[in-house]
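Structure first, commentary second.
Chain naming follows the written order as A, B and C, and within any one chain the residues start at number 1.
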Amino acid sequence: MSEGLDYKFLVDTFFVALSGVPIALAITIVALLVALPFGFILALTRINRIPVLHQFAQIYVSFVRGTPIIVQIFIVYSSIPLLLDSIFTKYNLEMNVYDVNPIWYAFIVFSFNTTAILIEVFRSAISTVSKGQLEAAQSVGLTNVQAFRRIIIPQTLVVALPNICTATVNLIKATSLGYALSLQEITLRAKVAANVGYNYVEAYIDIFLVYLILCSLVEYAFKRYEKRLIKYKAVNA
Amino acid sequence: MHEKEAGVIKMLEIKNIHKSFGQNKILKGVDLKIDKGDVVVILGPSGSGKTTLLRCINFLEKADQGLAVFDGIDINLKTASKRQIHSIRKKTAFVFQNYNLFNNKTALENVTEGLIIGRKMPKMEANALGKKALDKVGLSEKYHAYPSELSGGQQQRVGIARALVINPDIILFDEPTSALDPELVGEVLTVMKNIAKEGTTMLVVTHEMSFAKDVANRVIFMDEGVVVEEGSPKDIFVHPKEERTRKFLKRVLPEDFTYYI
Amino acid sequence: MEKYFDATYIMQSISMLLPFLKVTFMVASFSVLFGTIIGFILAAAKLGKSKIARNIANGYITILRCTPSIVLLFLVYYGIPAIGNNFGMDLNDIDKAVFVIVTFSLQFGALMCEVIRSAYESIDKGQFESAVSVGLSNAQAYRRIIFPQALVVALPNFGNSLLALLQEGALAYTIGLIDIVGKANLIIASNYNAHALEIFLALSIIYWILSIAIEQFFLKLERVLSKGKQSLKTM
């Protein structure tokens, strides 16, 4: 182990790690697609203090923010099979819980987690868009829905974008916990490759590089998009 | 120590001060003399360098060139040592446009901070002086109020008390009423008039023409980084020599502004 | 093993797990301590005049922001002994807690740098100017005027960073640290995977209560410390 880094392994495993990127991205995209609309709607229930839903959202956010995501993964991974199993036996379905692709669990956990994060992001963003905006929209004859779609949401998105970026990067990073679901993502693939020759240092350097590149690209994309939105804002102002 | 000229005690002299921000030359060789008991008002359009001049005197900005003669001691405004800077700051006080009260301290604590910490005065003594200073600016009721609980006018009066209490040789006022709502300007000007009457040496940057007219014994008109003209209020307001001064006054003086002797 | 859900087992596991909370706390405390020091150094570099120092600090923060905790943890866990090896040191036998503390100090430092920097920048420059104008020295101005105000501004973000640290710290079990998560996994293994759900729920309850307690503590502390801001809140 003392003869320094195994460069051939380093290069080969980089591509092994890279091959896990599509799965990490798939989870990220699905989670965002679920979390963006649900997060927004639940943020509205928080702001407008809609009974039951408002309290539900509050407890939900508190739980997700108060517990480690790895524990959330453990819970989903140990409860859903139990649930499915009882459903399958009850309806005499010829299905085995262990045949379920672990990516479904990942979709569930990360959507569940990201929604809660985005509730808070949207809640603070919506509250920065002044009430006067809604009133002004109503005063020119827009319906509530129109006012939201055309006036409130576009402004909210601009304010929320940096935090959505952070949430997205955190989400990508959190997919590294997919190992706990036996998911063949970036970390697990490289780790398995390392098991053969104990090249763990090399493997983790590769994993580190892949996340660094991936997250930097995502951050860069968000920055570009934000710049475009702000420019648009400045032209209008 | 004091240079005496016909019974006047020279307090502060500024020679050939220059200051640029990047490509912008803000001060282009300003000279200034202030004697003990003077109330000097600097007038001029915004961007003329008035505030920068004041800030350079107190080393809130570092001048690019220039000399300050304070109590007969020469201090280079560019290369002054930390100790020299500290000694000048102890002899001067500054009243800020947006008050800059310490947000985490009460009115009384704001006033005594410079005494207790800057000058190592015992707390009891400092509190007594602080209360007296606050009484003088009409804030006897507000010793223990935090800045956020005070109106703008009250905050600025605390700012003035904070400057007064350290018994400085000169107080520098940087547009003390510009950030105030019009109805609050009067209370601050009254306080400034009162302390001027007591013989406090003051260098005031302001847009309040009536203050310049009624209180100042000397008015300086600055434009584009130089002193265009200076003289008594009467000289400046009634017989301005320079075209630039005339134009400026015509623009800023209210219609009903008249100069009584 | 027959799988069934037994709610009473949750309470039972909580009492089994709680003693191991002190390992979690110990690791977190050291990480906060060292991380805050790193944060101060980075913030000074970012606010200072040296361009090189600023770039290093920015690079450090970008890299750490883009690295998953678990990856950093294993890089440290495998990397430090490997580096030590090159210098003829055998670092394989040091306590696992050390690797955990190193990892999370590095991470907490990056978080704290931003917390400290933004708190410092939120304090108006005029506060410093008026402090020196009444005769305080630069050091006195920082200590008596800038720092107390910046602390109050930093508090909520510090609290959030602490919560983040606590939760990322849950991954320490992956290198074999026996904290509450490590203990939970040991119990499950010794049960032949029975009652895993109950134990994980117990774990989540402990973390949840802890997080709420920390959150409330910081809210209270903020209220106590934010003197001079009372009327802002009622306004």
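We adopt the following convention: a contact is a pair of C-beta atoms (placed from the backbone, for glycine too) under 8 Å apart; a residue touches a chain by one contact, two chains touch by 3 or more.
As the structure is a prediction and not an experimental result, all values here were calculated from the model.
*Asks:* Out of curiosity, which chains are bumping into both chain B and chain C?
*Replies:* Output, common partners of chain B and chain C: nil, no chain qualifies.
*Asks:* Based on mean C-alpha positions, which chain is nearest the centroid of every protein C-alpha shown?
*Replies:* Closest to the centre of all protein C-alpha atoms: chain C.
*Asks:* Measuring between Cα centroids, which chain is at the maximum distance from chain B?
*Replies:* It is A.
*Asks:* What is the distance, in whole Å, between the centres of chain B and chain C, each centre taken as the mean of its C-alpha atoms?
*Replies:* Using C-alpha averages as centres, the distance is 47 Å.
*Asks:* CA centre of chain A versus CA centre of chain B: separation in Å?
*Replies:* The mean C-alpha positions of chain A and chain B differ by 57 Å.
*Asks:* Compute the distance, rounded to whole Å, between the mean C-alpha positions of chain A and chain C.
*Replies:* The computed centroid separation for chain A versus chain C comes out at 22 Å.
*Asks:* Which part of chain C faces chain A closely enough to touch in the complex?
*Replies:* 3, 5, 62-63, 65-72, 74-75, 78-79, 82, 85-86, 163, 166-171, 181, 196-197, 200-201, 203-204, 207-212, 215
*Asks:* Which of the residues in chain A come into contact with chain C in the complex?
*Replies:* Within the complex, chain A touches chain C at residues 1-2, 4, 62-63, 65-72, 74-75, 78-79, 82, 85, 169, 173-174, 176-177, 187, 200-201, 204-205, 207-208, 211-212, 214-216, 219.
*Asks:* Which of the residues in chain B come into contact with chain C in the complex?
*Replies:* Within the complex, chain B touches chain C at residues 58-60, 86, 89-90, 92-94, 96, 98, 100-106, 113-114, 117-119, 146-149, 159, 162-163, 166.
*Asks:* Note which residues of chain C are touching chain B in the complex, please.
*Replies:* Residues of chain C touching chain B: 124, 126-127, 129-137, 140, 144-145, 148-149, 152, 227-232.
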